[in-house]
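So, here's a batch of structures to check.
Here chain A shows up in two complexes: once beside chain B, once beside chain C.
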Partner chain A sequence: MTADRTVRMFGGSGELTAPEQSPTALEAIGLAKRYRGTWALRDCTMSVPAGRVIALVGPNGAGKSTFLHLVAGLITPTRGSVRVFGEPVGQRAEALARVAFLAQDKPLYDSFTVAEMLRFGHHLNPGWDDALARQRLAELDIPLNRKVGKLSGGQQAQVALTIAVAKQPDLLVMDEPLANLDPVARHDVMRSLMAAVAETQMTVVLSSHVVSDLTNACDWLVVLNRGQVQISGEVDELLATHRMLSGPAELADGVAARMPMISDSRSERQADLLARTGPGTPLLDPRWKASSVSLEELVLAYLRRPDTTSLPHPTLTISDR
Partner chain B sequence: MLWLTWRQHRMQVLVTTALLAVLGAVLLISGLGAADFAAQSAPAADCVADTPECGAYRGEMNERIRLVGELLGWLPLLAPAMIGAFWGAPLLAREFEQGTHQLTWTQSVTRRRWLAAKIVGLGAAVTLGGLVLAGIVEPWLAAFDVPPYNVDRFDMSWFRLVGIMPAAWWLSAFVLGMAAGALFRRTLPAMAVTLAVCALAFFGLLRSPSSYAPPERAVQAEVIDELEPEGSLHVTSYWIDRSGVKYTSQEAELALAGPCGTDETTKKYAKCSFSHGYRRVAEFHRASRFWQFQWTEAGILLIPALALGGVAVRRTLRPRI
Partner chain C sequence: MIKLRLDPSSGVATYLQLVHQVKHALRLGVLMPGDRLPTIKEVVSDLAINPNTVAKAYRELEHEGLVVGRPGLGTFVQRSLGGGSTADHTRLCRDLARWVHDCREAGLDQGDMEALFASVLADSAQEGIA
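Presenting the complex of A and B:
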């Protein structure tokens, strides 16, 4: 598992590993949240195994932040429930200790020095690993006696991430961790996150509206759209089961009838169909060419068709439609 | 947790402590000066007011107490307002404003414990500060209370600077500020509302203590009677004639101007007015009601403040966002 991630982190393609039986890290059942009459999240059901790096993707306003706040226990659901490692989320010290949360603006106390932020983490977390925190900050060249407000955006993100990691959570939840960072800082934050993940066994959920930020780092993809789960599945499996089919336009209707189409673009002579072909290469007329798709293309195609879904288990299909 | 409370609010604690220390020094100097002067030049305790020696002593003591007393007179209004605005209002509002509640509420400490440490810790500090203020004002007043000069803590000039009044005002203002911060979630509006409510409470209650209980009534029976016992809180005084009809002082003076003349300070005038059936009536509260009134006003302040604080705490603990 860890080795596989390390390979991914450096951009290797990684071979398909046999799906292992791991406990469920995150489970949402019929999760819904309404703010003043508007549903931010409706009937969201998913189950994600432990030990994964989960990308939560969706357009702005899809309900990503709401979902992550529910997982972190900052808000309570209007309906449904969310469980982390089988335990309901809530205001109990032991439940809080298992989940670390990094909010979108990476809030820190600006008037504290970095050392005081560490002391804050130490005082408020029984599982705090002070040596780990200090080592991380030393590696990042962040001075402990500097006021947090005087650090650069990237350094603040690193301090916030360090506090989350040194808490030694089982689940690390991050809301748009790369937003508001310059390209160098994005890369550095992501790399140090992946290094931390490789060293520990923690499960990570991170959200972004930019798919390309996450493609190399994540091995599980959840797509939220209009407050509902559209895709939840292993990245490699999703890539293996979707194909871009290109062929003569006059045969497109026949192909489209045989399998679920995610996108369908036709010109006079040529048709490009993004299809869920299932495992293996589909048997088609030789005039058709099947090519693999990138994660970004896949996500975009799904987001354009909110009525299509790709969910791992038949029991988890969305019912309220 | 207490470390965090101290670290976040040490500025308020230090500034308040410093101001109390400065005030303590000023009162010490003034009090020592007064005590010195009284020891050297106090005439006999039962000296008659209009002898030059007695008058000079009283005049000097009056001048000395007025100098600092005018400064102190602002404290019952300013101190609670400042405590409410700078200790109370930012307590929760700043966390919401800067998003740091998302950081703190996702550490391994429950919101309840975090809030309890803040409110109990700072509430205790504020209460202690109020008691300290009373503790330095009372010996200062005592230094002036050398007969024939008389200082009386039931006097409305001092009533809110002694006993439990500063502590009750400070604590109520702190809780009010905290609640305003929790409800508005923004520091400046919370401060403004706190200042406004503190000012309203101060001016609303300014003259109310005399109505905290039905006053005692004393009717002049002999010319030289002192109607109000030492240390009483004066409510009102007026004249009645034989049939019990009420007259204000001016009306009585007008009625007596013919038979008794207009110099109402002399004993002759008093005897004359007495022989015409006029009696002076005074309404007052005895000094023994001092503590009853202190606790009454403390209740008037603390009960609504704590009720509002309870609402604010409930709203904060409920995981909304």
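Presenting the complex of A and C:
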């Protein structure tokens, strides 16, 4: 039912006329996936502009992997639709060539050498840039004649990332690219991913359940919780429109009535309210102090309150059922 | 070329941290007109941050007329920051060093000096308004 209304909201053709200047990279409408009796993803609707690095965040089992597999066209939705650069996923081979998918268990062959892995990638991908791949690996000091199984975890992640980038995709989808890496390797992988983004302007979606890894790297945040989109928005804007308000407990009810509260913690005298204040500083009694929150605090507060959402306006109207 | 850094605990937006650092370098003369800022790729492959963040910081600096982007070449310092001549700076720096010395003689520590300096600065700003 909701899906029907959604389609009408976006127009019959499914084309979203977004106010953003850049084209839409990723668009899901009423997207849902059921595995046997269980819904892994329920009614997921979002639209993300191109050229972004999108953090897909949520607790284990929230549907992150399922969503990414749907975007990459590796599984088909039970309901709803997903489009990449305006085109429905999984219908044309040319469209699939624009997307690179990096699975969670790094899809490398341990018995292959790095050079053989590159030949394999070259063979499978028409748009392959071999010079780019070799240059990246040289910069990272990864020997081409080494067997993949003999590389460190960080080096394997770099080889997998190199193969994905050499495919020259317009959209790079990465499922938990930083899982099982030590802090140095995580930072190194992020550094080389950001350099690749700076060079190619590709759109990236990556999932993680560790928000702090993504804070400075991602400029768009999508939070999935219990199979639904809870937040979708530009990181800077989310941070600018939420404030932690601290003040006297006896005045808290009045403040809480005026704007959406994400978290509400009160002691006898003091109240700490995480509020969606909107742009600008809210006009409050001077006894209140408004301070900015980190992305991690914001995500945690929302995850603890699955009934609250922060979504762009068209979607807000839809979910307001 | 300057190296940009981040302070994750500062609570200041990342792009503003970059803007502040470039301005600070301009004030101190670490960056001079004609100097090239690190490219966006250099900054992101160093700090692991989003390229759009660096672009936003550079746009802000360009908007203020401090730097200018030359396509294909990089971003270059257009003008320096900070009033007064170099000679004034040298003289004022010497006066301040003498003041710091006097403070230490009087038994003030760094925190005391900072508080004192901030309070005088605030008073003088007040007088300016009045």
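By definition in this document, the second predicted complex is superposed on the first by the 293 of 321 C-alpha atoms of A that agree within 3 Å, B and C clash if a C-alpha of one lies under 4 Å from a C-alpha of the other, contacts with A are read in each partner's own complex, and residues count from 1 in each chain.
Keep this in mind: contacts are C-beta pairs under 8 Å (C-beta built on N, C-alpha and C of every residue); 3 or more make two chains touch, one makes a residue touch a chain.
These figures come from a predicted structure and were not determined experimentally.
Chemist: Classify the contacts of A:V99 with the two partner chains as first (chain B alone), second (chain C alone), both, or neither.
Modeler: first
Chemist: Between chain B (first) and chain C (second), which does A:V255 come into contact with in this model arrangement: first, second, both, or neither?
Modeler: neither
Chemist: Looking at the overlay, does A:A195 come into contact with chain B only (first), chain C only (second), both, or neither?
Modeler: second
Chemist: Comparing chain B against chain C, which has contacts with more of the residues in chain A?
Modeler: Tallying touched residues of chain A, the top partner is B.
Chemist: In the superposed arrangement, which partner chain does A:V114 touch: chain B (first), chain C (second), both, or neither?
Modeler: neither
Chemist: Which of the two partners, first being chain B and second being chain C, lies in contact with A:P126: first, second, both, or neither?
Modeler: first
Chemist: Name the contact category of A:N216: first (chain B only), second (chain C only), both, or neither.
Modeler: second
Chemist: Applying the touch criterion given at the start, work out whether A:V299 contacts chain B, chain C, both or neither, answering first, second, both or neither.
Modeler: neither
Chemist: Residues of chain B touching chain A in their complex?
Modeler: For this pair, the touching residues of chain B are 1, 3-4, 7-8, 98-100, 102-113, 317-321.
Chemist: What does chain C use to touch chain A in their complex?
Modeler: Its residues touching chain A are 6, 8, 11, 13-14, 40-41, 44-54.
Chemist: Report the residues of chain A in contact with chain B in the complex, numbered from low to high.
Modeler: Of all residues in chain A, those touching chain B are 69, 72-76, 90-93, 96-97, 99-101, 103, 105, 107-110, 112, 116, 119-121, 123-127, 160, 163, 167.
Chemist: Which part of chain A faces chain C closely enough to touch in the complex?
Modeler: Touch residues, chain A against chain C: 51-53, 187, 190-195, 197-199, 215-219, 236, 239, 292, 294.
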